[in-house]
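Below is one structure, written out as structure tokens, with a few remarks after it.
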Amino acid sequence: MNRWKVVAGTAVFLLVCGSSMMLTRNVSAAAEGKVTGTVKLDGTPPHQRPIDMSKEPSCQQQHAGKPVTTENVVAGPNGGLEWVTVYISEGLSAGAASATPSTPQKFDQRGCQYIPHVMAVDVNEHFQVTNSDQTSHNIHPQPKPGGGNHEWNKSQPPGSPPFDIAWTAEEVSIPVKCNIHPWMHGYHTVVKGPHAVTNADGTYTLENVPPGNYTLTAWQETYGTQTQKVTVAAGKPATADFTFKAK
Amino acid sequence: MHDISTHPVAHHAPPETFIRKYIFSLDHKVIGKQYYGLALVAVFIGMGLSWLMRLHLGWTNMSIPGLELLSKNGAPGGIMTPEYYLQLMTMHGTIMVFFVLTTAPFAAFGNFFLPIQVGAEDMPFPRFNMMSFWVTFVAFLVLMASFFAGDGPSLAGWTQYAPLSAVGAVAGPGQGLGEVLWASSIAIFCIGQLLGSLNFITTTLDMRTRGMSMMRLPLSAWAWFITSVMGLTAFAVLMPACILLILDHVAGTSFFVPGGLVLNDQLQPHSGGSTLLWQHLFWFFGHPEVYIAIIPGMGIVSHVLIANMRRPMLSHRVLIYSMAALGVLSYMVYGHHMFVSGMNPLSSLAFSFPTLIITIPSTIVVLIWIGSLYGSKLRINTASLFALGFISMFVSGGVSGFFLAQPSIDIILHATYFVVGHFHLVMAVAAIFGIFAGTYFWFPKMFGRMMNETLGKIHFWFSFVGAYCIFMPFHYLGIAGNVRRYQAFVDDFMQPLIPVHKFITVAALVTGAAQLIFLYNLIHSRWWGEPAPLNPWEATSLEWSTPTSPPPFDNFGGKHPVVYHDPYQYGVESSTGDYVMQDSPEKVQSALPEEA
Amino acid sequence: MATTVHEPPQIKPSRSPGVGGHNGWRNLVPSDGDLRAVKDYSPPPASTGIWVGLAAISMTFAALTSALVVRQGSSDWRHLSLPAILYFNTLVLLASSVTLEMSRRQVATFMGGVGNQAVKPTRWLYLTLLLGLVFVAGQYAAWKQLSGQGVYLASNPSSSFFYVFTAAHALHVLGGLGGLIYVINKIKNSVLRRSTLDAASRYWHFMGVLWVYLLLLLWLKL
Amino acid sequence: MPAKTGAGLKPEFVYEASMAKIFAITIVLIAIGSAIPIVLHTWYLPQDISTHGPLIDEQFSETMAEAGISFLAAQIILAAFIWIYSKPAAGTKIKTFPGGAMGLVIAAFLLVGTEVLALGAFGAKAWASVYFTPPAANALTIQSQAGQFAFYFRYPGPDGKFGQIHPELVNEGSQNFFGLDLDHDPAAKDDIVTAEMAVPVNREVHLLMHSKDLGHSFFVRELRIQQDFVPGLDVSVHFTANKTGKYEIVCTQLCGLGHYNMKAYLEVMSEADYETWLKQQATMQ
């Protein structure tokens, strides 16, 4: 008899422990809620010019066979639009600053390209700039003059350690370029609260969104911004799809 | 005479307080030593910078230990960034050209010895003289400050070509605050040199003692006089140029920045400026500056050689006229720096001929030196070794001028290491050998002690051989097309040249280290050197007639010497031996025939 | 030239005060070379020095002029009408030169010992000083007038050059005013050297000439 | 005489013939050593691929000969005199160089004077051949634009006209390096923008040089061409390449942190290859 109790008790105990360990995120998510959706392009994407990297043989070799093109508009086969930043532009209570990821995001320079091409970060979120190439790059972001962010221009020779940096004010979006390789071109989107950048198929997920009514904004470097209202309830994920018209 | 009476112009009471004596001193000798000290600090900083540059060029992207401490941004993990290399290069050039090659042979030795050699008790405007040093010192501090300001010093090179130097921070790190500091520093420096030149010229014209006609001035005094005249005109042009440059930066004017420039995809808010205007203004100063650096060296070397050859130069006058000709011509040739600058090709030719012509006075000077060695009684000591080394260097650096004077050849050599080798040999190394010769020769008079000859000779051998090992290969690199001002050699055709760079780097490290011997010799001899006799080299000019070494406050102890002879009466039969002092009334029979 | 000893030329030690030039006191040094006894009049270096200084200043303004000529060729050059007050300022500056000459006369007689008991001749100097200040104030008014019309340093190349030239000149004039104050002090303490006054006045007159040149230049080119 | 060497002046360092001799030898060794790589062409001018180059090279070698001879002569005579006159026998008198100063001055004027006049005259000829000849009417016009830190080249396309440059439209992120208005400017539509420069062999090329931002320079060693890009002022050069191959274009005017890496390739092709290359580039616009 007692044995049964003990066994059951232990089992329950283990179960609770285990599940609580496994389910922490879900539990919190259940409390928080999230937004998912797809960003599509309506129409044929504009021609993306191939990039001639002959100036930098070490990079050119990395792309042998598959020529690199510009990434101003990157649309998947089903019209999914990549590199679109989606974030909450209105309705976020001042207190609810999103949890920044435990491991800092990487802004890598590989094959004379920025990876990722568009990176969304929170205000004061530290991210790492790394150089995986055999050549020196200079990282030169250009925030709007007079804004809360300050322009800087810093070189990273091959083999030099990654450096850690953050933006101090919201800005959509800061163009980043490398003067040594003028074709290198990316964006830092600096926003408060939950944010995401669409994948190759145009999908995105905003995590940790507290229940409430929000205005979502999607920003695309060529087509600008679109907004729509969305209501997030605890438990079930809200969806918000965007469609940009090809000019 | 009335109650509006006067005081002798150059006469001021001997200072009592420490400050007045050693810091804000009016005494041309103290000011000369101050200039020398400044140049000494500057030259070792500049040399350190060149070490870092050479290490990076030989072993690119190698982590240089400790460099990160110097600048976290400039050298993450001790690996020098491209911009930091250019910043060090700019500072190396600026420090060396302005604060070493201009201050040491001209301002330092000139201040100390020009008044003595003309037989005066001081410069006519001692307060200006003091100001000239302290203004220069401030200029130096401002330049150094740019190391720690914003994102570091300017990276635009010592020539500071517009618009790179004029558009501001968009052009790259250091082009914001660092650039403004650079231009301010140089503008201030110009003021200092103008005050100095004013004193030098007036000293030479007005303060000569009784019997000291212009032609009886030693060659060193003549060199300083000619240099000061050039300085007066050259720096008076550079200063306004720098001010306009500063205005383009801080006031948004467009003197040097044309319209329609796009940096980082942004249209620059400028219009109509002329980039060639900067080049014209700069080189109108810049080329005379080369001769401002080298002519004092010529004078000092002649002065030192004569005392050690125990004979005057073949012709005193011809040397003087040649140096003056160099000075005058240097203003007509500055355009040869701009052959490929987009300047009218006709004016390139117009500038080419005087540039070739200027080799004639240079050749005359060299021939007179070598010709005077013939039949001399050459004494070998550190001073004369450096003087002779100067001649060798001057010839080596001079012949490459033949190439660069011709626009057609400049097409293939412009902005290559050939140019770097050329001006380092003829301007930097030669001028510095002149400084060394002057130091070893005059040290006994400046400090009353001898320098250590053995150390001096070791220093000479490392410097002489080392300098050739460093700068001769530069010419080969240039002919092979190695472009200057590159922080790394990524071009295919430069890869095979990297071993040469490694060799140069090693040579530079060794030669540089040998300069520490000089530093030690200098400091040690200053306090513990063997006490010097009044006239250790048995020389004739007035600085060796002072009652003490170093000379008393008023140089000649209340007396003013009266000059009876030409400056260099060697090889004569006199009571003192084979020479007679310039101020001795003794009649002598010169060993040399009358000179035309 | 070296075979015989050249005796230094003998020159009579007595010289009228205030003679500048290169045959100055060094010829008065007797063979025993004691300076202090003989230097009881103005030594010339100041008068040489001032010419050297003026040469440097001319060089600077020559450089700026050439810059103006080169820059003027560009398309974005717009004409700038000079503020009328400049012409008034010109008269003031020229007048100040006259008053300075008056004071020099006085000082000459005074040093000559005629006006021995007379008050120290500083009145004209003060007047010169005043006129100089009026000139600088006038230039300032001119700048105000231009900036009032919205013409600033960076508005246009012509305005840039106008401000640069006038400011550079005004700075030099202020320097000249400093010189005058220095002279007045010397007179007050009765230690004025004639050459000091000569140098100061040469500098001052040069400022006048320089200004007339600049005015013509600006009037023709801007 | 040593008796009279002033106190503190040790006679042994008054005359140090031994060191003088070592010094003399060193000078000679250095002089000859410096000349060897030049004579052996260890590092020398790259092959010339231009029609105007031979004049320049000839000029260069003439100058090298004259400069080299003066260099060796001066150093060796200097060394010889140091060797000879550093140990005078006691009681020897000072001698004067035969001919004296005037002789040397005249020598300088005759030797150097004629030398530099000759060089100047020939040099002027070479220079004129590059700069004083107008480009041929049928010359192939290419525009080169320099900017921090890359060269880009523009071929006018079928219509033979270059599109207008609109600085405000420059956007390197979308590869619009020249600031062309493709939507409204018909002349710009068919312009071919490339990162490599290809030219047909034996055909004169008229290179229009435009600077996007700062001062840059166009230097191809083998072409014997170096010319600055002057911001706000469009200059041009013309040349004919007569050997096919791939060569490097480098920037020789300090233009900022990426100066060292500002380069592009020049390909000299046969006329046929050039046409196919151009077509292929056109498709990639």
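Here the chain labels run A, B, C and D in written order, and each chain numbers its own residues starting at 1.
We adopt the following convention: contacts are C-beta pairs under 8 Å (C-beta built on N, C-alpha and C of every residue); 3 or more make two chains touch, one makes a residue touch a chain.
Here the structure is a predicted model, which means the values were calculated and not measured.
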{"item": "Chain whose Cα centroid lies nearest the overall Cα centroid", "value": "B"}
{"item": "Chain whose mean Cα position lies farthest from chain C", "value": "A"}
{"item": "Distance from the mean Cα position of chain C to that of chain B, given in whole angstrom", "value": "32"}
{"item": "Where chain A and chain D are represented by their mean Cα positions, the distance between them in whole Å", "value": "50"}
{"item": "Inter-centroid spacing, chain C versus chain A (mean Cα positions, whole Å)", "value": "69"}
{"item": "Junction residues of chain D - those touching two or more other chains", "value": "147-148, 172-173, 256-258, 261, 263"}
{"item": "Chain A: positions in contact with at least two other chains", "value": "135-136, 138, 155, 175, 177, 179-180"}
{"item": "Chain C: positions in contact with at least two other chains", "value": "none"}
{"item": "Touching pairs among all chains present in the structure", "value": "A-B, A-D, B-C, B-D"}
{"item": "Residues of chain D defined as touching chain A within the complex", "value": "147-150, 172-175, 177, 194-196, 256-258, 261, 263-265, 284-285"}
{"item": "Chain A residues touching chain B - in the complex, by the definition given at the top", "value": "135-136, 138, 140, 142, 151-161, 163, 175, 177, 179-180"}
{"item": "Chain A residues within the chain D interface of the complex", "value": "49-56, 70, 72, 135-136, 138, 155, 175, 177, 179-183, 185"}
{"item": "Complex contact set, residues of chain B against chain C", "value": "1-11, 121, 124-125, 194, 197-199, 201-202, 205-212, 232-233, 236-237, 239-241, 243-244, 247, 251-255, 258-259, 271-274, 276-277, 280-281, 284, 556, 558-566, 569, 572, 585-590, 592, 594-595"}
{"item": "Residue ranges of chain B touching chain A (in the complex, touch as defined)", "value": "61, 63, 73, 76-77, 79-84, 151, 169, 172-173, 264-266, 488, 490"}
